[in-house]
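Both complexes shown next keep chain A, but they swap its partner, so chain B is in the first and chain C is in the second.
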Partner chain A sequence: MTKPYFKSSLAATFLFAFILNPFNFFAQENNPIQDLGSSVHGNFQIDAQYYNEDSLIGAPKVPEKFLSNAFGNINFIKGKFSAGVRYEAYNNVKQGFLPQYKGQGITNRFVRYQDKLFDVTVGNFYEMFGNGLTLRTYYEPGLLFDNSIDGIRIISNPYKGITLKGVIGKQRYFFTVGPGIVRGVDGEININELFDSALAQMKTKIILGGSFVSKYQSAQDPVLILPENVGCYSGRFNIIREGFNLGAEYAYKINDPSSDNKLSYKYGDALYVTTSYAGDGYSFLFQGKRLDNMSYRSDRAESLQNLLINYLPATTKQHAYTLLALNPYATQLNGEIGFMGEAQYKIKKGTALGGKYGVEITVNYSQAHGLKQYPVGDSANARTLYATKWDFKELTGKTHHVDSILKNGEYIMQDVSFNDNYRYYQDFFIEISKKFNKKVKGTFMYSHQFYNRNIIQAGSLNAGYKNLDADLFLLDITYKYKTGSALRFENQWLITPSKNVVTTSNGVGKGNWATLLIEWSINSNWYVAVFDQWNYGNPQDGGHSFSDALIGITKTKPNDLRIHYYLLNAGYNSGPHRLAISYGKQSAGIFCVGGVCRNVPASNGLSISLTSSF
Partner chain B sequence: MRTLISAIVITIVASFYSCDKVKNPTIVKATAVGSTFDSVNNSSVANFKKTLLEDYTGHRCGNCPAAAKLAHSLTAQYQSSLVVMAIHAGFFSRTNSTFPTSHTCTVGNDWDGSSGFNVSAAGNPNGMVNRKVYPGFTLVHKDTWATTVGLAQADPFVVKMNLASAYDKTARALNVETKLTFLQAYPNNTKLQLVLMEDSVVGDQLDYSQNPDHIEEYDFEHMLRTAINGSWGEVAKSAPITALSTATITNNNFSVDTKWNDKHLYLVAFVYDEITREVLQVEKLKIRK
Partner chain C sequence: MKKIILLFVIALFASNFVVPGDGDKIPTATVKKLDGSKINSNTFSNDGKPIIISFWATWCKPCKKELDAIAEEYETWQKETGVKLIAVSIDDIRSSAKVVTDVKTKGWKYEVYLDENQDLKRAMNVNNVPHTFLINGKGEIVWSHNSYTDGDEEKLYENVKKLVKGESLSH
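Moving on, here comes the complex of A and B:
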């Protein structure tokens, strides 16, 4: 049984101590907090939206009309001691977020003490072991992702160059905690610091690390003997020499039957390699990963982004522009092999190509494939369901997939000829940025994207979507006519050969798209912008043609899905405060941070966002 | 410093044992049936909602006999519409030289544990009525059992259960068939729990109402002995459940321990909501003459 946070005695104790603490009392006299070297700081954010129903774009009726997500952090620091709380309120939670967030309460509170030997945190904490393959907890308010551990963390530096960490607790689950207990230890050795007399001056730095994480969840299944303790361990290294960096981590997880893997008792493993080199005016980056059955949650029945213990890094380009990011990739926890290579080069100024200010060029290529699965011939008794090999057949494109399907109480193997079903994502991207003169700079981008919507969005081969193959172009020109004031023009195109291919997450958008943005930064405080995102290639045109639209016949008919998603934006920035207001339609899409994504439904209405820190 | 490092090393080593590698994951269900059946009283079905009262107790709990008496008087009042079950678990059910015989069992410990209802942690005697949150809490103190059992009489009749058993007294093998008919649509998954309980078990009991308070030959009634299909039962019917849908669940060849007097054994079956854990219907029958 789990307890709501607001019932937690720890929270109550902390709040009591915080509200009644003597420094707060003294602060009303002559503010001795500053005198004693203490500080209080924090931030808050309110995102609210008024919703209009719009069946044409797939914006649902919202009974409350007005929804808001808000949070505020307050942190208190005094010497070696720090403490903080976060209050979150969703009245009710905005569209596109899980409805379990409805409500309000204190969702994070901690007390921390740090000295040379120990760093102890009691309450909620965020931690990452290595690259996160075994454990990573973090908070991302834009996604409403928070898998913090509510428990105890101890970090110690018992000897120079050695860092040890130990954690235990339960993970945040909306306004309560999940059923499973997470325990973990991590050790890291900086070889150069450890042998400082001999190695401190060496240019090559070597860091070794290892971690072990175990979760406990009681099992009550009448049919299967489920493992209640599931361990996951990893080893890693990092070699750094001047501009060169090479790091790798391998993680292994024992049998962890869950709803993610259809209750497979197969082990899981993951390898992540990253290397980079930066020289004068150029840099290279390569990231590769292969992961198999690495969903690791503190509740075996959970799904989506709930109660994830580990983090499987994204190895695809994270785009920021609307159409380039309309169909982003999210790491497939059950298995994938993928890599990304990126080269950046700056053509020096003063050369024939570089001109007066130089030119920056970035080329990126990334892809992700499903793993080739080999049959193991086991029945319902062993339940490993499939095997994989490290033969990299996935990258040849000529392989097949075996799926285990429950039929009449027995698992049968189904061979599926390899085709684009198992090519998950591919992105070739080039960006050229140039400053033309003191006032004008521009960026041009081209991207070719392949997007397997069945797998990435629906998680099923048989969801019925066509794969998206699209060419994308972008032009972004900024004219800075005086300090703090600028005009920005942005134009994007998404062109796909197939008219009927779905291009937005709710299926309303099909075919080609274009966007146009004009943004005016009036001064360093105020800005206004108009934006139109137009699905001009939708096959359901309601009788209009492209040329009609060009000559001004753009009025949308009831059955016309060549929709203009107009948006008016205005904002005010002042120091740490930012207020933004927008009105109009927003198309459905997928919003991602660091490879973790959520589906955002289409909406029509007024949005207000206020952020501030102090 | 050395102590610190040793402690951390021990933690690391200890945590390596936190792995359960499972070689044969599937629980094998028996299919054999017996031949020398006792066919008396081997089925039970009611056209009304029955109530389950769980009495969490222990032989070292001096106030528990008073609760048992109260439960007994409630069965007299409600007859077959109330099924009482005594679960010996927690601190007051531990053994020592004065109370040498353990009456606990795995299913009782699981229900009483932190993954279950944490009853004895709140103190004994305490109970639950249909494992449901009536005004107040899920846990019901004995002083409000009568009121709560009264409130439970108004609960809706969701599922009709036809419980039948065939017991081979030579092989001590019990075969159970449970037929369920949902009388209305139901939104959540439901589970079936089968347990055995024994009457007329004699043993030591602390009883503060007596002087001396140590009773050497106390008569324990409806004592939970074992679960037939695991501590949390098995899936009865998965949601969405439509009105008038049925399910038949068979549990064959359950081996009845020779330590128990099979003439005093009762089979209890109840259907509960997997999410809320509320008991929707309960039936009880004697497995042999």
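Moving on, here comes the complex of A and C:
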């Protein structure tokens, strides 16, 4: 079924063969000062895992026992031309990824020509208009996210300071393309570069931009008249003056009934504002956004991370440590209002508090709420639409809300008392980093997180979870005992007042957690690490019955769910090559990508990762 | 299947002629300066002296450790070898506003660029950050290294010095 899609890759391969004919290489070596030269680059990565079944932690039985994800890219450059291919192989895809990634094939190939005036790409490409509110295609191999457009892109700089872009094509969908056609144009003007006069020298820089994107998908719904062409446009600006930055973008999308918004005919819009000021040794940052009904896909029936055209970033702190990132937030495409503020300060070295090396302090606060929704009767068509309003204060009152809209005028109306239901996420975070002497440095973090699992993980207010309200602590200390050799010690705690609150995505994790990591970097090539993530506060209520044959009765004995998820790691790095091996248990987690979160089941086994670039 | 075999044959064929990362020019990609203007990566230059290109992200702890460690020695490095460090952030729009605040708070004196949709990252085949490249005076990529262990910056600087003296580099 997917064959016709690959046929074109053959033509591309021949083109590379042409570019790569051996005479070009000799020519390059004879003439090393050739303007752009010709070269071949590439990279590959293989992630494989051997799985053991472990019913206690919720690691399912894997029939294949061994699963692997792999990809390889090769890029060819020859003067103004470049070309590339990517081969991907899933035999079968690892646990936690979408099962439609099955088998292998060429998933990306392109040919590109670039000169001063034009930049033309034929094939798969990645593009972002402005902040991505109308269009962003990107590739994240670790998350298996790839919404590249397979088509044509033209970028032109007709005049200094002006950039024009045009794209058309269909989006990658696993090993084929999605049904919808995506078309878009974007223009950006850098006011300072436009004029030679005093403006070019001016300290204040002004950049203006706008974009228009449209998708086409035929509609054959027997009941509803669905728009086949859905347009989305936006305007944006950036003002930058030395340490000061202010940028905003507003996007508007016409009605776009989809499975995401339960076939609502309401328009969508989004506002994204970011501003910051940074001086020498201190800075402030504020980001705010409000979006309503802004899911935009090239297939109205799709869900999860598939065929997203635009990108709606979460305005919350991005955590990198295990427990702090155990419950990550993802933008709610149907509607939310959120903001984040951050202040950073570096206490200068040589002061009483700063010591010999200085101290860095970061304070961050972020939150996200749902939008208030009002039912709007559409008597002519016997349907109910909804309207939304942005308001923080009203989130404390009691009102009628439409939680979902169904086809043919059916709808569910609910009396929602707000409480925490429409509070999606909150995070108060402090980080203090200090280098004590040439050998020892440390980081301390504290975070208070509120996490609405019903909305973020289950997408419904009625999924029956209790919200997570937790205090998290972290200590990370590195002791560099000689050049290229170090010991790192990391300790994290997650403390939640209610023992029965679910703390991992599969429900096995409840109550408090602690982790301990000891990592030994033997030299700059080798490292080994031991990691233990312990659910010590679990109320151990995972009971099961067993029969005692000797005395002929059936008893119930609870499983001890205070599980140690231990993990042994070892790795080898050399230049651009890296090999990592780990063995042990991993708790269930959540992967968030493109504003959508996906559950990753717990696993128990041996995993190997090899990555290399050339 | 045929085209896959063909592809591998081409790759093998190509690798016979090109030593990995040896002498290739910096690929072209558009990146953003902190003042919002755009620049092509093939214009990265340092008057015939070596360049270090370091790919990093605001959420990447080892990346920041590496850049912090280099920052302490950077003045000396520049005086002794004239080397310039270009820090390319791969933060996307979610966190790219944090690049300027991090850089200024930390007081890094590097040339910093934003690669918000990771065009340069892909063009240079970077899988994970941190990933560090060394570019010689002719603008050719001569060395690269991924990941960071405390003390790696000393090894990097050894190679910068070797490059200036014209000696061969070590991994």
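One rule holds for everything that comes next: the second predicted complex is superposed on the first by the 524 of 614 C-alpha atoms of A that agree within 3 Å, B and C clash if a C-alpha of one lies under 4 Å from a C-alpha of the other, contacts with A are read in each partner's own complex, and residues count from 1 in each chain.
The rule is short, and it goes like this: a contact is a pair of C-beta atoms (placed from the backbone, for glycine too) under 8 Å apart; a residue touches a chain by one contact, two chains touch by 3 or more.
This one's a predicted model, so the numbers in the text were calculated from it and none came from an experiment.
Participant: Would chain B and chain C fit next to each other on chain A once aligned, or clash?
Facilitator: The answer is fit.
Participant: Touching A:313, do we find chain B (first), chain C (second), both, or neither?
Facilitator: After superposing on A, A:313 lies in contact with chain C but is clear of chain B.
Participant: Given the superposition on chain A, which partner contacts more residues in chain A: chain B or chain C?
Facilitator: Tallying touched residues of chain A, the top partner is C.
Participant: For A:230, is the partner it touches chain B (first), chain C (second), both, or none of the two (neither)?
Facilitator: first
Participant: Return first, second, both or neither, reflecting whether A:216 touches chain B, chain C, both chains, or no partner chain.
Facilitator: first
Participant: Report for A:288: first if it touches chain B alone, second if chain C alone, otherwise both or neither.
Facilitator: After superposition on chain A, A:288 lies in contact with neither partner.
Participant: Give the angle at the C-alpha centre of chain A formed by the C-alpha centres of chain B and chain C in the superposed arrangement, rounded to the nearest 10 degrees.
Facilitator: 120
Participant: For A:185, decide between first (touching chain B), second (touching chain C), both and neither.
Facilitator: In the superposition, A:185 touches chain B alone.
Participant: Once chain A of both complexes is superposed, is A:257 in touch with chain B (first), chain C (second), both, or neither?
Facilitator: In the superposed model, A:257 contacts chain B only, not chain C.
Participant: Could you look at A:355 and tell me whether it touches chain B, chain C, both or neither (first, second, both, neither)?
Facilitator: After superposing on A, A:355 lies clear of both chain B and chain C.
Participant: Working from the superposed arrangement, determine the closest approach of chain B to chain C, counting only CA atoms, in whole Å.
Facilitator: 21
Participant: Note which residues of chain C are touching chain A in the complex, please.
Facilitator: 3-4, 6-7, 10-11, 13-15, 17-18, 20-21, 23-25, 27-28, 34-38, 42, 58-61, 65, 92-95, 97-98, 100-107, 116-119, 122-128, 131, 138, 143-147, 149-152, 154-155, 171
Participant: Touching chain B in the complex: which residues of chain A?
Facilitator: Chain A residues touching chain B: 1, 117, 156, 158, 164, 166, 183-185, 187, 212, 214, 216, 218, 220-231, 254-255, 257, 265, 380-383.
Participant: What part of chain B is in contact with chain A in the complex they form?
Facilitator: Checking each residue of chain B against chain A gives 1, 4-5, 8, 11-12, 15-16, 18-22, 24-27, 110, 114-115, 117-118, 229-235.
Participant: Which of the residues in chain A come into contact with chain C in the complex?
Facilitator: For chain A paired with chain C, touching residues are 6, 9-10, 13, 16-17, 20, 22, 25, 32-33, 36-37, 39-43, 45, 73-77, 82, 85, 87, 104, 106, 114, 126-128, 131-132, 136, 138-139, 141, 163, 190, 192-193, 205, 207, 238, 240, 243, 245, 247, 274, 276, 278-285, 287, 311, 313-315, 318-320, 342, 344-346, 360, 476, 478, 480, 482-486, 521, 523-524, 527, 573-578, 611-614.
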